[in-house]
Amino acid sequence: MSSNMSDKKWDSVLRSMDRREFIRTSVGAGLAMFAPRFASAQSGKPYKLGLLLPVTGTGANYADGAIKAVMNATAEINSRGGFLGKHLIEVNYRDTHTKPDVAAREARDVINRENVQTVVGTYSSACAMAIQEIIHEQKILHLAATSNSSKIVNENYTPYTYQFCPNSRMQSGSVVVAVAEMIKKNGWKSYATIGQDYEWGRQTQSGFVEALGKASSSVELKKELWFKLGETQFASYISALMAAKPDFVYGAIAGKDNRTFIQQAKAQGMFKRISYPGGLISVTELQQQRKSIPRGMIGLARAPFFAHLDQPLMQKYIKMHRAKHGEDAYPTDWAVMHYDAIYGLEQAINKAGSIATEAIKTALKGATIDTCRGRATFRDCNNQLNIPAGYVGAVKDHPDYPFPIYDLDTMIIVKAEDVWVPTCGDVQKLQKKRA
Amino acid sequence: MNLENSATQTTDTRRKPMGMLSVRVLALLFVVFLAAPAVLGEFWVEVATEILILGLFAMSFNLIYGYMGQISFGHAAFFGLGAYATAMLFREFTGGTEEISYLQFFVSLAAGIPLAAFGALLVGYFCIRLTGIYFAILTLAFGELLFFVVFSWYSFTGGDDGIQRLLPPPLFRDPVMYYYLCFVIVIAAMAVMWRIVHSPFGYLLRAMRDNQERTRFLGINTRIYMLINFVIAGSFAGLAGALWGPFTRSVAPTLLGWQESGIAVFMTLLGGSAFFAGPMVGSIIYTFLHAWVTGFTQYWPLTIGAIILIIVLFSPGGLLGAIDAWRRIRTRQGSSGVADNTLVKEEPDS
Amino acid sequence: MELDLNLVLSQLLAGVSRAMVLFLLASGLSLIFGVMNILNFAHATMWLLGGYITFSLYEGMGGEGPLLLMIAIIGGTIVMAALGALTERFLIRRMYDRELPEQLLLTFALLLIVGDIIKIIWGVEDRSVYLDIEALEVGGTFINPYYFVIIAVGIAVAAGLWWFLQKTRYGRIVRAAVYNRDMVSALGIRIPLIYMGVFALGVAIAGFAAGVFLPLMPMALGVDIDLIVQCFAVVVIGGFGSILGTFVGSLLVGVVYAFSILIWPDGALAVVFLIVVAVLMWRPWGLFGTELRY
């Protein structure tokens, strides 16, 4: 460990901020914290935001950072008087329990009871798709910033959804770019996959298999394993993988299960024998598993702060985050994407000069916005933001941080245009008609 | 009503007021629910729709619990099967667009019943051989089995994704109209249920609940009647599930899970399992509380857990049981409130 | 797929370790049900609570090394035993004369309450203990040596429970109470105290198990919901109240699950519940249970 900070101190930083923040947001959300009851007479009507993220179930681990980001960003905007300087933001938070039917119900709840104008969320792609049915019908904006099945912008497209996260197809495509190189270099012939048996896992795995088939047709898929969300014991899966003797394993695993899998696969020696490139290793994993994560492992991130330290918005956000949560706290990928979503919304409102939903929607259409990940444009045909599709790199300790990051010298950043569905014509073929 | 009175007199006179209580409660509820959309906003109309659908689900559960004396922890499987039957037919009819004719819509809704009934027949065939804790566990195991079938059969059911785009035809997209649709269907279903539980068949169920052995000695094949009742309960759960899909515009496998089954158990307990209207009253309490509490805290499980704990410890007869006991103390009928409470509690299971 | 000996062995080991995880959780459940006729829905949630408590003790003491972890596990077990005794004294005790559904609902309510209490105290992030475990190479395949710890602990708990119930005076009293509460109480033995002890023991085993699992899997909200249903499966297969039955049931489920993953991965969980259904049809009281409550 290159950091001179003791683990104990680090742990206490993490924990204290989690708990305090958590209780504050959970008790305060929708009530005192950001409610504009103190607003002065000249201010306009408040802008209501619905935040749907799970704090129950396998996604809770990531949602924590995302909730913080939304709260911090809205607090900052409110300190300037709110959107357009006069519409204070009111956040209405609901727990989706990582269950689609609950997500649909809560979406209706915030829309019809709290009259929110925009819904931000959620973690699970299946939940996001259930939410899309509601927001499309009610004509409410939906900012997706973690759920990233490509179906959200393709098969299940609605003009009200804007995607701030690289979708699963783009993510798998970026891994393929890196893996195809490794296949050539190492002479790999076969591989196996293991994935979470749900929407995102399935899309990520099939995206990878399809793209790899095109990139290097010689490599053979020997085995695919699926496990139920929340699996606690991977021993039998790991030995089944090792028995298939592939040259590498591709994992489509996120959340708590990812941590369990890496922990158990390492202790069972899988990484000694089989390469495991391109599994999701976000800043959350790098922080939480800073001791155990194998150095040199090739991981995939969605929006790692360390890749964009040159961006003014990212610098500003990191500064704000550290001021709020402690010097050693850095925003996770999920936090960065949610932060971008809130400021993306603000830029659209500024452009539209109004907080009317249709005006914002028109302003967002094809818009170019500034994000922590650089300037990016929404794709016309499906509202996918063209931020980098994926960051593939090797885990390496870094003197500036109390946890490892990617090796910045060898990290590959894949451009969205290189890996998303090539033409808008193809996208439209996938999109089903909506009423 | 006559039927209920005469029959209850022969078994236990103290049970007489319960039917009356249910009738009064039902009459009151009918008026309240009929008029509700006139005063409620869109959100609360949707909550009321949820109350009706889940109330029907809980009432179907109570056919097994309150009337037959067995507790099922897998009842949501039939709710889910109904929802999936509707959703999959919906998907076929619309073929990826969102256009569905009124006829196709009602056909899809109706499809929920036979599939759930078929599922209940298969599951019930095995389950009715057991009672008590074994019945509870076997229904739980079957429920989980069906959950995993729907969950794992990705190509057919959509797996964890569930099925989206269940947009009803234009008229019923309006929450108030969908509410009245549910209102009419649920009232009709409740009328049928009322007929069933007050028919000789219904009394037979209660006889089996109170003493299965003695009922068998009368030369009655208790298993057949238990199976019939299980299938009837499953069918009503299927109907409730069928209404649920187009209501939330999507279905997901969690609808079949054991936690969903737990909701029916909670509602029945909250309202009072010894009363026909009990589960519906429970649904009102549960759903309303849920909507109200989630508005300001995410600690819904803690809230409902504490309420259940208090009910189980202090008022095991549920809300209607408490009202009933209180009325009796006031009118000095029966022995005492405490004793009555025990009686109500003992009714569903013995 | 070729089933070579190495694969069969490593899969068997994986299955047995999975079985011991289930056994450690289910044995307390089975003990409590066997003696007190209470089916505890909240058992896995108490297990989870034990894991969080052990984690906090471990971190509080500095969070380094297996020795401290062992001390933390002992501490966690004691805390859970105390919590178990309190739960019995103030909640479960009121339910003995009640009907089965009410007992189930009470423990279901406990599951919801304890789950949220964990969320309030520890927040939503996972908790895990990192021990630097190096994989063992055995005959061309790698094995996680911690599985041997889990297996040893599982067997030790099984043997300990068997010894306690069969060979000690208290164990005999407990067994006698299963068959005839009135007679035992007529002999001047205080049944409530026995029940309190059994419930505390059951919960303590769960707390102990959670501590032992910490280096293997993270403690996270919602894990309990998945595990409790599998525990029911194990207990039903083995027979309520039979420790031997629970042990055999765990082995059956663990090993069958491990091999299902090789042969029919998508159906692995369905297979477990198929076994449950089959056992319940054939012998509702389980492989080793007695026909008590049937």
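Worth a mention:
Letters A, B and C mark the chains in the order given here, with residues in each chain numbered from 1 onward.
FYI, contacts are C-beta pairs under 8 Å (C-beta built on N, C-alpha and C of every residue); 3 or more make two chains touch, one makes a residue touch a chain.
As the structure is a prediction and not an experimental result, all values here were calculated from the model.
When the interfaces A-C and A-B are ranked by C-beta pairs in contact, the top one is A-C. The chain with its Cα centroid farthest from the Cα centroid of chain B is A.
Distance between chain centres (mean CA atoms), chain B to chain C: 33 Å. Inter-chain centre distance (chain A to chain C, centres taken as mean C-alpha positions): 35 Å. With centres defined as mean CA coordinates, chain B is found 39 Å away from chain A. Touching of two or more other chains is recorded for residues 152, 299, 301 of chain B.
Residue positions of chain C touching 2 or more other chains: 119-120, 225, 266, 269.
Shared interface positions of chain A, defined as residues touching 2 or more other chains, are 55-56, 197, 228. Against chain C, in their complex, chain A makes its touches with residues 7-8, 11, 14-15, 18-19, 22-23, 55-58, 60-61, 63-64, 98, 197, 225-228, 230, 232-233, 235-240, 242-244, 256, 259-260, 263-264, 266-270, 272-273, 288-289, 291-292. Residues of chain C that touch chain B in their complex: 39, 91, 94-95, 98-102, 104-106, 108-113, 115-117, 119-120, 225, 229, 232-233, 236, 240, 266-267, 269-270, 273-274, 276-277, 280-281, 284-285, 293-294.
Only residues 1, 4, 6-7, 10-11, 13-15, 17-18, 21, 59, 62-63, 119-126, 128, 130, 133-137, 141-147, 216-218, 220-223, 225-227, 257-259, 261-262, 265-266, 269 of chain C touch chain A when the two sit together in their complex.
Within the complex formed with chain A, the chain B residues making contact are 41-43, 46, 50, 96-99, 151-152, 154, 159-162, 164-167, 173, 248-252, 254-255, 291, 294-301.
Within the complex formed with chain B, the chain A residues making contact are 26-27, 29-31, 55-56, 93-95, 99-102, 104-106, 108-109, 112-114, 125-126, 129-130, 132-134, 137, 151, 156, 197-199, 202, 228-229, 432-435.
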